[in-house]
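Note that chain A is present in both complexes that follow, paired respectively with chain B and with chain C.
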Partner chain A sequence: MKPTDVPEISGALRAGVRRAEPMVWLSAGAVTLALMLLVGLLFLLASRGFSHFWPQPLILLDNVESKAQLGILLDREPVPYAQDYRLLLHLGGEDFFDSPLVWVEEATLRARSTPQAALAIERRDQGPLFAFAEGVDYGEARLELSDWNVADQVAAIRKVRGTAGRVYLRLASGRPVTLPASDLIEVSSPNAMSGMARIRHAFSALGRFVREAPRRGNVQGGVFPAIVGTVLLVLLMTAIVAPLGVLAAVYLQEYAQRGPLTRMVRIGVNNLAGVPSIVYGVFGLGFFVYGLGGSLDQLFFSDSLPAPTLGAPGLLWAALTMALLTLPVVIVSTEEGLARVPRNLREGSLALGATRAEALFRVVLPAASQAVLTGLILAVARATGEVAPLILVGVAKYAPGLPVSSEFPFLHLDQQFMHLGFYIYDLGFQSPSIETAEGLVFATALLLVLIVLLLNLAAVMLRSRLRNAFGTQELR
Partner chain B sequence: MIDAVTQVTSRRRRVRDRAVTLAINVGGGGVIALIVLMLAYLLYVVSPFAANAELGKVLTIPSGPDRLLARGDGRLWILPRAPDHAVNQEQWHLPVSSGRRAVQLRGEQVHLFALFPRLAGLDAELPGTTAAQWLSVVDTPGIEPQTLAMDSADDRVILTYADRSGVLHALSIRLTSTAVSSLVHHERPGPGATAFALPNSRSNSVLIVHGDRYLRWRLGDSGSTRLLGGQLSGLDEPVVTVAWGPAHDTLLVADSLGLLHRFDAVRGNLPRMGPARQLDFVPRWIGSERGRRVAFAASAAGDLSVFVPGSDERLYRGSLDGLKDVAELYLSENGRFLVQAGEGQLLRWKLTNVYPETGWRSLWQRQWFAAYDAPAHIWHPDGDGVAGLSKYSLSPLLFGTFKAAIYGMLLALPIALGCAVYVGYFLAPRLRNRFKPAIEMLEAFPTVVLGFLAGLWLAPLLLKYLTLVLLLPLLLIGAPLLLAALHLALQYLSPRFMRRPPRLALVAVVYLAGIAGLSHYGDALTLWLFGGSVQDWMWEAIGLPYDQRNALLVGMAMGLAIMPTMFTLVEDAIHAVPRALSDGSLALGATRWQSLARVVLPAAAPAVLSAVLIGFARGLGETMIVLLATGNTPLMEPGIFSGLQSLSAAVAAELPEAAVGGVHYRLLFLAALVLFALTFVFNTIAELFRQRLRYTYEAY
Partner chain C sequence: MKTHSIDVHALKRAPARAGDDDVCLRVEELSLHYLRSQNVALENVSLEIPRRRVTAFIGPSGCGKSSLLRCFNRMNDLIEGSVISGRVSLEGEDIYDRGVDVAALRRRVGMVFQSPNPFPKSIYENVAFGLRIQGVNKKRVLDEEIEKALRNAALWDEVKDRLDGSALTLSGGQQQRLVIARAIAVQPEVLLLDEPASALDPISTLRIEELIYELKTRYTIVIVTHNMQQAARVSDMTAFMNLGRLVEYGETDTLFTNPREPQTEDYITGRYG
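Our next item is the complex of A and B:
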């Protein structure tokens, strides 16, 4: 081969490329992207979730074609194939407008303002109402409010709540509306609020979100029953999975004969952690709900058949299914902890005359307790965020009562329950008016993510403490 | 495991130790057994699919051919010979003593028509009522019917018959009123050819086939209209018998060679559906079920074949002994019973054929359905189209499952590998301890949240900013390369400049700037590149349709869901490779990337492979993301902008509504079993890789 100039140049180029380390930069790009995704997602959820509670300014649009419209601005986007923008306005009050959402083209606007006197009214049975105050009636006579300032109007209307009175309002179009006091939940004047008032309003809305039950097909109100359902499910599941998981792990690690069979079982258990959650749901529905529940119904509740008592999706079956789903997590984590317990601890206790059971309960399990706890927290974190199996085995779009009550037997294992994750799925997947309920879904999603994030953090911290305490030891 | 070495003297302690041992062995073993139970239970639910169809003779009653009345559930009712009996529960007056009959068995309802010399109909509610009612008696003097066919739906009954001269007649009768409309079709087929008339009461029409020609008549209350006619293509041999296919959506034509031809009866011009199917014999009679795609054929010698038209599946092959005249063979609408009226006796056969449509071929192969242009894999458990028969092909679901997982993988793998390499190898240990948990935090997003974000937040954005998303990979790859070049250039100018560049921060700044720039100039770029709308451009230029909830969307959400798992596994493996290995290669003059790529990564390769498999298995089973971010359209299109439905999403969406123990229910269990098997295989291979990795390191 004749030496030419080309290899030298390409050699120099190659050396340059080698020095520039493009792949290192690329992998740095991947890390950056991952971190940006994490921060971006958290920011998205937080901003959208919180803005659900934050009082939104009410905008009054005066349109050339139609009458004045008052509402919350949801979106602004260019009109396709035109040099214009259009606004998406949430008008509220489904009972007064054909559609609560309207697009208004900016070119047709005559005036745009944020009137101080505009009120946002939250109602019990209908969507929000954006209107101006006209008067109020505490049960005796109509009191004119139109000349009052906004703060006094709000105070006067708030006072009517819980009485037999009514509120007189005027929509932006000029149409008068009479609202019975029983329908009134909250009134505010978002445009006239000071900063502190906004914060107070946001916190009170947040409080109601956590405390109250959903209304109007879940598109309004709070998520209290869903929180209770989620917590109860996870508690029940933990109560079931903790003894079973620890038992299985102790069996595999301390009692079972070592050999190919144990190894196969261990591989099987590891693999089960990777079996899709929906498969557990299918098993739960077929085996627990229809199989076990159906047989129990025939044995004990044959009077009420064919209406099922236990043979229908419910809390108990959901908890059992979730326990089965998280079993591998607990087994693997506990086994890891048991393997980390130094051999000399075990041998020491046996040498001192302890039986195997005594060594297990007094020395080995206490030493592995943090691993068990880590496993349980990871299990809880997985179960909290898991929705797919619950769709099949017990969760309901709307459960009329909580699964805990003051009535005997206090804990209603046969009842369906609400769940935060399913709530998101249901609203996102099946709700007809997603635009108006979007804030609620984001707030719920934020709540769920925060819970799972905290649980994961706790597990990570426990795990690192554990590693520092015993160092790393491979599974035998 | 350590055995107790000392002799335990206290009896109580010994007993307690034994009890604990027993409890743990039983309990632990039980928990393990529970896991096996899961697999066994899924198999148990699916197992009935494997059962073959069976035919059994149930009852033989000596009887004359004129003494038959049967119920949909197959119970027989015997009619007396005496012509003038009073109508009561068990004995109906039959105005004729001989001649052709048509019996339609519809559950509790029986329609019986008899012909010659007068036409009479009986509509009876069975059992136990005296609601039997003569529908109408139409005098048909001078007609000796050669064939008689009946079809009824709701309150309409249509009868067709041919007289001795071959002229076809049709009567349409409304049971609620006494309105009768009739039709006489005078055209006769050529010599030797037989004309067949197929009534269709749902559309109140009659299809006449003679030779390879067909003609449709619509029977109106105010007279009948002649509709389109034409030729049935591909019929070379004389036609032996014709019949409606299941649910009247196809026309089945058998020729004298025993070939069965299918024509699409949903369409007016009766297009041919695929090549003919060779039957085991030349059939004289064909019947089909109303609600399932099951057809029956019988030969003059009494051979019986039960099969799925449109698929190669044969369900049953046997013979009906003593069958003399196929015109005396009646099939109940649900296909459970065959009644055979031979000379001097009545035979009732029971066919056990619970899951005819879930044969291996029906589930996975293409089938040609009515109203479709070509054979296709269709998953429509509730039925679609005009005829609305259920279509159970699992292929589109399996396809969608893999499609979603592959698109997720395409996006997750580069990011996970990049992150793992950077965090596990290039990052200082102090920073690693912070960045690793941060990236793993991405796993904390429940998939329902990711699915919701993809389906309801990202989908409209993607529609609007598709150009940006399509250009994003360029930015994500180009920006780091650009920075690398810039850094190199600056180092040439000043060799001491930025010996350790803050890569993450620099890349982040460029990414943010790039995204801001793209979104600001996005509209202009779209206009310049695609002339206004990417979706329109794709449709016009490449013919690529755009679904709002598409594979790209699923891939993005799925990628985010499986990325952290894969990252953790790969990073652990890279970090676990002994530092001495790469230090040695660095000392020999390799660059950092070279020692990573040639020394560390090969050592960690089994872990990388196992991570890929585990990530892929997770993608296969992911439910909520696919459910929320796709339109759940069971398509077989590989395109990135088309929708899909996965096995898991079908199970989650359809199982709560499926009837317990029904075909659909068991099929969804089969879907779960397939998912279980797939993930189990992938995870086991991954586990074996990991174990190999462990042995590799034992050398150090």
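Our next item is the complex of A and C:
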């Protein structure tokens, strides 16, 4: 090459770059925007969700109109048509107040403090209680705690758990409260906690959130059954949709006669992906639950009719409905994978004396396995976040009994189950006091996102293992 | 590196026309039509391919060399709308007869394609493929057969330490020898090679040619090539084709040194086209 060629080429290159620049900026901008929205969403979920577990300071308000009030500050906003602000206070203990939430106008406040001795008590059957310690009884005699320091109070009260004793408390209003030990779950002194103690408290609350079953109409306790339900549903769905979708794609791509009919079927399949998910729910209810389940009941469980055995919403029907919902994604991506397998791989295997089916299942399909997995990843992502159809075909607001157990048949496909997505919907939009449940909603949403992420990560790892095993060109 | 010094001429004993006992593949008045092209791909081709010799098909691109080759293992069956007439017989049996098991035929007639097409599997599994679909799954038998095939394809020493590695990490020349190993692992009678070296560098090409020379003691080899030197180097018999017709067929020596047809002479002296 002549040396004079060099500037010419780089000149042309530069011109090309200059021409491409707006497109580059535009696409980079789009990616940045999408990423920012995603990160923003995750950050919102994480901060609001985690703050639910973080010990909130207890504020004592002394009010001209009423007695002293102790609670968590939820909100501060201007009073409509007045030059004043008002505070929304969560008082806890619904069994002692008309409403656990009160608005307090700042103008009426006489004093405001965060007393060190204030305790936050988590109870089994009722909402949280914010109060001061008076005494404790381990079953023998009452032990006065009033003049103890708060750390010892907390330790003493904690010790009552598991005994037949009780805890004596005093609300901010001065009203005495007696709490049986069996009702006590956790006690803490949020105002007196050190940083480390706060962190420990938050993590232990988080641990209980993922480990425990919900209590009290879901507004308290954990989401363990919902986690199990969600994961189980997705796994079952995957187990159903994978073979079904792959076989359908194989038929369409490899065996079906190319013609208007096949093209129509393919267009139909593609468009199924756009059908609103609630429609799938209705179909699942009509076809699987009432149709299939009802007929099976008549065949095998006719002595227990009219009480349905299989003809009621349950895990199996939900998994089938979700499989149907995600089928188009799997079919489309598998078909594309099959179409991309080079012709000479097929010919190579046929030339070795393989039958068509052998070539397909031993060479072509494995070579397309990455596309199949991509389809499954998309299917899992879609299915995990879907709630609407589940409401009709099997999800329950409260089903602490897990659909898996150590008893035969281990997997109870006919049972209703809890689901994180439905839990969010139920808590966020159906619960009487969203203000107190808000943190739980965010935390659950974050958990759901994390589960989707985890399931996807597993699939991506599997795909890259396949890629390594097959050493496909994309790597090199 | 061995220098390439195969003395084809000294070794050749094949008669000008193969006697009946020596014929492996007999092609009689074979014509082939593709649906999507107006011209006939093959027109009235008749020839006899001798057993355990190397037969080369040469001719300008598009003259039907590959099409003819693909008639020998019925690969053209896969092309929709291809119409074939005439007879092709392998060891006296018509391979286009109704009752013929095409998969079994293809096991007897192996094929290596122009661009290397190893399966996206390990080297071991590539060679094992043909055996596995025949139901051979015993590890000991497979190990033995695979080593034999790889040795015969002159690839064993290069891959014996990484049989479980992906076949796609091999070089082009190694891949092509792997594909040959894969084909001979099922112990075919005939080996069809469609421009096996056209995508390879000169050194890899040389190795393939040496390999062909070694393999011809056991297999009937038919090789398509557009490289006349290659045809002259490796083959015993050469067929020159043009526009779907067989122009001249005879011993390689004769055809290259003393062609009967003016067309052949034009082509081999480079005056063609």
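The definition used in the following text is that the second predicted complex is superposed on the first by the 411 of 476 C-alpha atoms of A that agree within 3 Å, B and C clash if a C-alpha of one lies under 4 Å from a C-alpha of the other, contacts with A are read in each partner's own complex, and residues count from 1 in each chain.
To be clear about the criterion, contacts are C-beta pairs under 8 Å (C-beta built on N, C-alpha and C of every residue); 3 or more make two chains touch, one makes a residue touch a chain.
The model shown is predicted, which means the values in this text are computed figures rather than measured ones.
Number of chain A residues touched is higher for B, counting chain B against chain C. Look at A:A20: by the touch rule set out above, it reaches chain B but stays clear of chain C. When both complexes are overlaid on chain A, the residue A:P366 reaches chain C alone and has no touch with chain B. By the touch criterion defined above, A:A351 lies against chain B and chain C together after alignment on the C-alpha atoms of chain A. Judged by the touch definition given at the top, the superposed model places A:P342 against chain C, while chain B stays out of reach. After overlaying the two complexes on the shared chain, residue contacts for A:A381 are found with chain B alone; chain C is out of touch. Of the two partner chains, chain B is the only one touched by A:L392; chain C is not.
Of the residues of chain A, those at positions 347, 350-351, 353-355, 358 touch chain B in one of the two structures and chain C in the other.
Of all residues in chain A, only 16, 18-38, 41, 44-45, 77-78, 80-81, 244-245, 247-252, 254-258, 265, 267-272, 274-283, 285-287, 290-291, 324, 327, 331, 343, 346-347, 350-351, 353-361, 381, 384-388, 391-392, 421-422, 424-425, 428-429, 434, 438, 441, 445, 448-449, 452-453, 456-457, 460, 474 touch chain B in the complex they form.
Of all residues in chain B, only 1-6, 8, 13-14, 16-17, 19-21, 23-25, 27-29, 31-32, 34-35, 37-38, 41-42, 45, 414-419, 421-423, 426, 435, 437-449, 451-453, 455-457, 464, 476-477, 479-481, 483-485, 487-488, 491, 503-504, 507-508, 511-512, 523, 532-533, 560, 563, 567, 591-594, 597, 614, 617-618, 620-624, 627-628, 648, 651-652, 655-656, 660, 668-669, 672, 675-676, 679-680, 682-684, 687, 694 touch chain A in the complex they form. Taken together, the chain C residues at the contact with chain A in this complex read 73, 75, 78, 103-107, 110-111, 113, 115, 117-122, 129-130, 132-134, 165-169, 179, 182-183, 186.
Chain A contributes residues 342, 344-345, 347-355, 358, 362-363, 366-367, 468-473, 476 to its touches with chain C in the complex.
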